[in-house]
Amino acid sequence: MEQNIFHLQYAMDTFYFLVCGALVMWMAAGFSMLEAGLVRAKNTTEILTKNVALYAISCMMYLACGYEIMYGGGFFLSGIETVDADAVLKSFAEREDGFTGGAIYSAASDFFFQVVFVATAMSIVSGAVAERMKLWAFLAFTVVLTAFIYPMEGSWTWGGNAVFGMFTLGDLGFSDFAGSGIVHMAGASAALAGVLLLGARKGKYTADGRVNAIPGSNLPLATLGTFILWMGWFGFNGGSVLKLGDIGNSHSVAMVFLNTNAAAAGGAVAALILAKVLFKKADLTMALNGALAGLVAITAEPSTPTALQATLFGAIGGIIVVLSIVSLDKLKIDDPVGAISVHGVVGLFGLLLVPVTNDGASFSGQLIGAATIFTWVFVTSFVVWYVLKVTMGIRVTEEEEYEGVDKSDCGMEAYPEFTNG
Amino acid sequence: MEQNIFHLQYAMDTFYFLVCGALVMWMAAGFSMLEAGLVRAKNTTEILTKNVALYAISCMMYLACGYEIMYGGGFFLSGIETVDADAVLKSFAEREDGFTGGAIYSAASDFFFQVVFVATAMSIVSGAVAERMKLWAFLAFTVVLTAFIYPMEGSWTWGGNAVFGMFTLGDLGFSDFAGSGIVHMAGASAALAGVLLLGARKGKYTADGRVNAIPGSNLPLATLGTFILWMGWFGFNGGSVLKLGDIGNSHSVAMVFLNTNAAAAGGAVAALILAKVLFKKADLTMALNGALAGLVAITAEPSTPTALQATLFGAIGGIIVVLSIVSLDKLKIDDPVGAISVHGVVGLFGLLLVPVTNDGASFSGQLIGAATIFTWVFVTSFVVWYVLKVTMGIRVTEEEEYEGVDKSDCGMEAYPEFTNG
Amino acid sequence: MEQNIFHLQYAMDTFYFLVCGALVMWMAAGFSMLEAGLVRAKNTTEILTKNVALYAISCMMYLACGYEIMYGGGFFLSGIETVDADAVLKSFAEREDGFTGGAIYSAASDFFFQVVFVATAMSIVSGAVAERMKLWAFLAFTVVLTAFIYPMEGSWTWGGNAVFGMFTLGDLGFSDFAGSGIVHMAGASAALAGVLLLGARKGKYTADGRVNAIPGSNLPLATLGTFILWMGWFGFNGGSVLKLGDIGNSHSVAMVFLNTNAAAAGGAVAALILAKVLFKKADLTMALNGALAGLVAITAEPSTPTALQATLFGAIGGIIVVLSIVSLDKLKIDDPVGAISVHGVVGLFGLLLVPVTNDGASFSGQLIGAATIFTWVFVTSFVVWYVLKVTMGIRVTEEEEYEGVDKSDCGMEAYPEFTNG
Amino acid sequence: MKLISAIIKPFKLDDVREAISEIGVEGLTVSEVKGFGRQKGHTELYRGAEYQVDFLPKVKLEVAVNDDVVERLVETITKSAYTGKIGDGKIFVYNLEQAVRIRTGENDVEAL
Amino acid sequence: MKLISAIIKPFKLDDVREAISEIGVEGLTVSEVKGFGRQKGHTELYRGAEYQVDFLPKVKLEVAVNDDVVERLVETITKSAYTGKIGDGKIFVYNLEQAVRIRTGENDVEAL
Amino acid sequence: MKLISAIIKPFKLDDVREAISEIGVEGLTVSEVKGFGRQKGHTELYRGAEYQVDFLPKVKLEVAVNDDVVERLVETITKSAYTGKIGDGKIFVYNLEQAVRIRTGENDVEAL
């Protein structure tokens, strides 16, 4: 009879991963809609194609070798398809940490949950380089990031491996619960490298130094995308507790849901108010970025803050993101959707917040971890982008950019009947 | 070993709340898309901004004091972040109602589930006052409704407190399972007060008494919103069983899912057919409102009706909503999305249906409950709207209304490339 | 205490069905958005109306008699609303297959999960006959398919009944895990019959035999729809394991999630690359169809393949779908969304793949099963369509088709402000 | 015959159309245009960056009429499109050499 | 030179363009317009309320041609745009004083 | 007075507008049109089927000016809209008989 309880706990924790994983998978739709809403109509088909393809490629590459590199899960997940129930029951019975200890669950559910994180990291890149990067160069980069760059830094952090055999981040007091740094800042670092090599969209910055706004073409889509991400984030953070099946852990999952929501709310309100003060208008796109910034800010540690702290952390994230977007524009770093600000700048902020509520983390550990992730991802990405630039080229021609990449790359307009395309 | 079973039940019920809560949160996206689809293009950014902001504000205010007022959950949820597993296990062991009695689960998951209901109530308002109300006046009202008006009536109903120390609704035979009255009719009452003080959109009613249609700008969005609401409603009603973890309760949850779906189906079909008969056309927007009406109608009691009853109740709701929308227009009550009809009129109908299948409720109890909710919410809302009207003003200027509130309030068009804006 | 474990297993398996069912219900939104994105703007309201109505009608008819025909579940589900917990506990205690045997769970959750499959089959039809079929003829067909045609073939396959008392498919080695044939190919067969009687859209094929492309009006919607379907498919396949509550089964559910995702990814990438090779462009709509083809291909057996096999099966599906779409166009079979290729051709392919990884199935069994399903559905559908054609007519007039069916059938434009309508 | 072309503010379209009908003119053709003139565009902000809207939405009406109506029509449009604020628009008059009604083949004045 | 401007039913555009090409006219410019005339708009219903659609979608063609082509062109358009139902549209002919091809600077007849 | 109508490539609009402003012309009206000419459309592929795009997006500018400006304006447009590639567009000049500024009732030259 005791075994039946183990059966149920295993099933429960497996299901919990699957539900959370499905929610994170849903974030792929969120990024697609957010980005499709914030680019111009003439670049919409291409950004959609990028998003569908990057999600699919991420799944294939992480399955082929990424999971092996990060967690030693086997090339092509070999062997994952079978489970030996008796062996599992034995490991339940013999475990030392007891019923409330670490979870025992299906490896397949673990992979499913992990794979969607890779895609999230890569989705961040597509927004930042939108409207001017060649589709196939982008997809080539996707292969490298999801097969190698991300899994490597993942192996040093969540995987617990030493960084090139030198030091182990966990030992230094580094902690990143659900990936403010490991996923979000990493994606933003790759994006930054790409943007620097790619340059700004034509017409974004004038010769005399002014910034020209290039309004997004479809704000309902952008809003839908944000709500999808908000919802999906419950899986992203909630699943990162890694166990549901006892009182302590399930309470922890509940707190993570609560705090994730509170931080997003704080971020949206703070960004909306700040934008109103600065620009005299209720800037919807800033409110959306603010909600996402709140989510990124809490992601490094959503389980230990109180609800009030979570709201405040989110709100500060919302403020940071508005200031960061304006500042990056001053630096002529052109990021059509604000991805570098939301995921990079606020991702770092999220990492630095961890020691405030979690004694297991130290500021120095967080800084070293952030520096490690950034350096690794930025440098390797820069190299890959650079190689792509000098070989196949990463930027479309001026004429293609003027006409819109939908025509040149996809041969298909997103809204053929609506625009004088 | 018995304790391990308690661990699992606690975890299961907590997870059940979280999944249902995430589905209800998703309804915020549903309302956003529905409303964005049913207003004109020039007011789309603003309605999106309202929806994002109202959801975020609801979460903040309910966290700050709403939950304390309604259920005594503590200002800022203080203390919610910790759980004492041993104490929980003790309360499991010592409970008198036994394993199949009331659920024991994480308070954080309860808050998460409750908070999204507040946002739902408030979402109802935004649609009814769309296209002419000032954004910041609306947000000010949001603060009061979510921090005080809704929690007060919630404390008298689900909270079980006596109404101003006078009478207790539960004792009078009032029952509202998932909130046809407490959430939907309440939201519609606040909306009605606002609409009466606000007046109709310019051009909706001509001097000689004719009704001018003002078509919604994006019906795919409205349809998407309806499907999102339909899906989210499984969480709304399904979670309101309040326990999953035994045979009786889980069967009850399943019946609620089944009946919720059946009622929506009945409502959609009935409204579509009635519209065809009345107007000679298959009016999509009426079918959408019909589905929502079916959902609202079943919400007051989705667990006791048979599947056939649920279908019929939904169908009657679908008929009522069509007639109500046409009638309100005759009364020159201008409600761009039909919120007052769907949530108010059908919400009342839903309350009155309860005694048909649930012996625990009485018609008189339902009437008194409905009157209490309506009076409280309508009167307090009216006062708040009125104060806002004489202080900051609640209506945009005629010129702003003509140009669209997107420009005046948000400085941003929703579809800048598509309209000759 | 043992009983409490049964309580939990029952609750868990019931909840698992409900969550999976909600995900499948969500596919209704996916089909709506996919189809709305791939038709022209002038036919968008009507396709949305069809989708909302077909989902609602499917729920009503399957509840009224479909479930009874297919599984003997009772007309109008009579009696489903009650559960006798003691009897359930007894059947748990006395079961012979033990704790890891077949699931015991709420019949209501079973119906909820099954009903959304009917709607899926019907959704496939609406896309193929889009832009030219009369709304009310389509809805009349919906009634027959969901009340009778689908439940009959369902009773021979999942229901286990003999085909007209002649032979039993299961005994012949037929196996269709989640419905590549029973749901997808069945829907496509009904669609094919309709398309043959209906003819192509005006202007699709020129007199001299050329194929004219008719581009879809809103690709972000089509992409959103695909992501929704992708997500919902986790419920579609994942729920089809039919039990979660022990180690073996929950692992199986996890593998199904993993393989479902892998196959979709494989399909999207393969179709994208093949389209690039054939047409020199990154055809987004082909990538979307490719992802769906991958999903259909794996649906007949998502639990036994390895992750690598699943990816490959999906990729072959993606290749088949591109070739099939081009070939059907050559045959002048006009299918605006590619439904017959995605669900029919690849559905058959999915059936034929089963014996590769599942010893319980045989090629001959799969062929006989496929032939049975196709013959039954195609012939009965053809008859029904034909009767509708000679009675009420199934095709709109030429002028209505030119003007768009939104005006003639719904009296309402989907985007009234955006097109020169 | 003359062709009167008027560029007006979009929200005045219904007023102008009604005023024109009242003086007996039965047909007209309308198109959406963007205007640039003394009425300057405005600066909008999007995510903190400025963004100049140079062209303002206007509506162009084209009415073909017989010579004897021209004066009254110009006057009618001037009045009904008037707001007094900058950007009210212009009326242009061209000579029209021929007019044909496609449905009947009627010519010139009969075609209008 | 003359400028022929024709307002026709949208679904006739391809027929007209082909007919025009056949008589040797190589260039034309098209715009979407809304027309008001004897062909009345219709009343639509939206959520039970009426809603008057006054303007009907039309397409305006502009073709600049040499004087000698005018007659044949007008005839060709009249025929190819004809359905016989109300609302078929109009053809207007204006005098064109000068024409320039931007690419070459060519003038007048050479520019067409 | 003359009415200069120019059909140009859309991405040249800003250049042309600026060049025109520099020679002192203060007002103009712009509309989106589709052009058919020597610059042929292209064939697009959608799901493996071909699809002919005959009409190319162009922008039409209309500027009413006094006679003495015409020559300079035509020259300015020709220069600023020039790319040298096929499809650069045309400039047409019509006679304008009357002009009215709605806001003031001013006539002719004062109205421009």
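Order as written gives the chain letters A, B, C, D, E and F; numbering starts at 1 within each chain.
To be clear about the criterion, a residue touches a chain if its C-beta (ideal position, glycine included) is under 8 Å from a C-beta of that chain, and two chains touch if they have at least 3 such contacts.
Note that the structure is a prediction, hence the values are computed from the model and not measured.
Contacts with subunit D and subunit F are shared by A, E. Separation of subunit B from subunit F in touch steps, taking the shortest path, is 2.
Here B-D and A-D were compared by C-beta pairs in contact; the pair with more is A-D. Looking at which positions face the partner, subunit E and subunit F present mostly different ones, since fewer than half of the interface numbers are shared.
If you average the CA atoms of subunit D and of subunit E, the two centres end up 18 Å from each other. Centroids built from CA atoms put subunit F at 52 Å from subunit C.
One finds 32 Å separating the Cα centroids of subunit A and subunit B.
Looking at subunit A, one finds that residues 1, 5, 8, 12, 19, 215, 218, 224, 279-281, 283, 285, 411-412, 415, 418 touch two or more other chains.
Residues of subunit E in contact with two or more other chains: 31-32, 34, 44-46, 94-95. Contact annotation for chain pairs lists A-B, A-C, A-D, A-F, B-C, B-D, B-E, C-E, C-F, D-E, D-F, E-F, with touch applied as defined. Of all residues in subunit D, those touching subunit F in their complex are 2, 6-8, 31-38, 54-55, 58, 60, 74, 77-78, 81-95. For subunit D in complex with subunit A, the touching residues are 44-52. By the touch criterion given at the top, residues 402, 411-412, 420-421 of subunit A touch subunit F in their complex.
Those residues of subunit F that touch subunit D in the shared complex are 3, 17, 26-31, 64, 94-103, 105, 111-112.
Contacts from subunit D toward subunit B in the complex involve residues 10-11, 32, 34, 44-46, 57.
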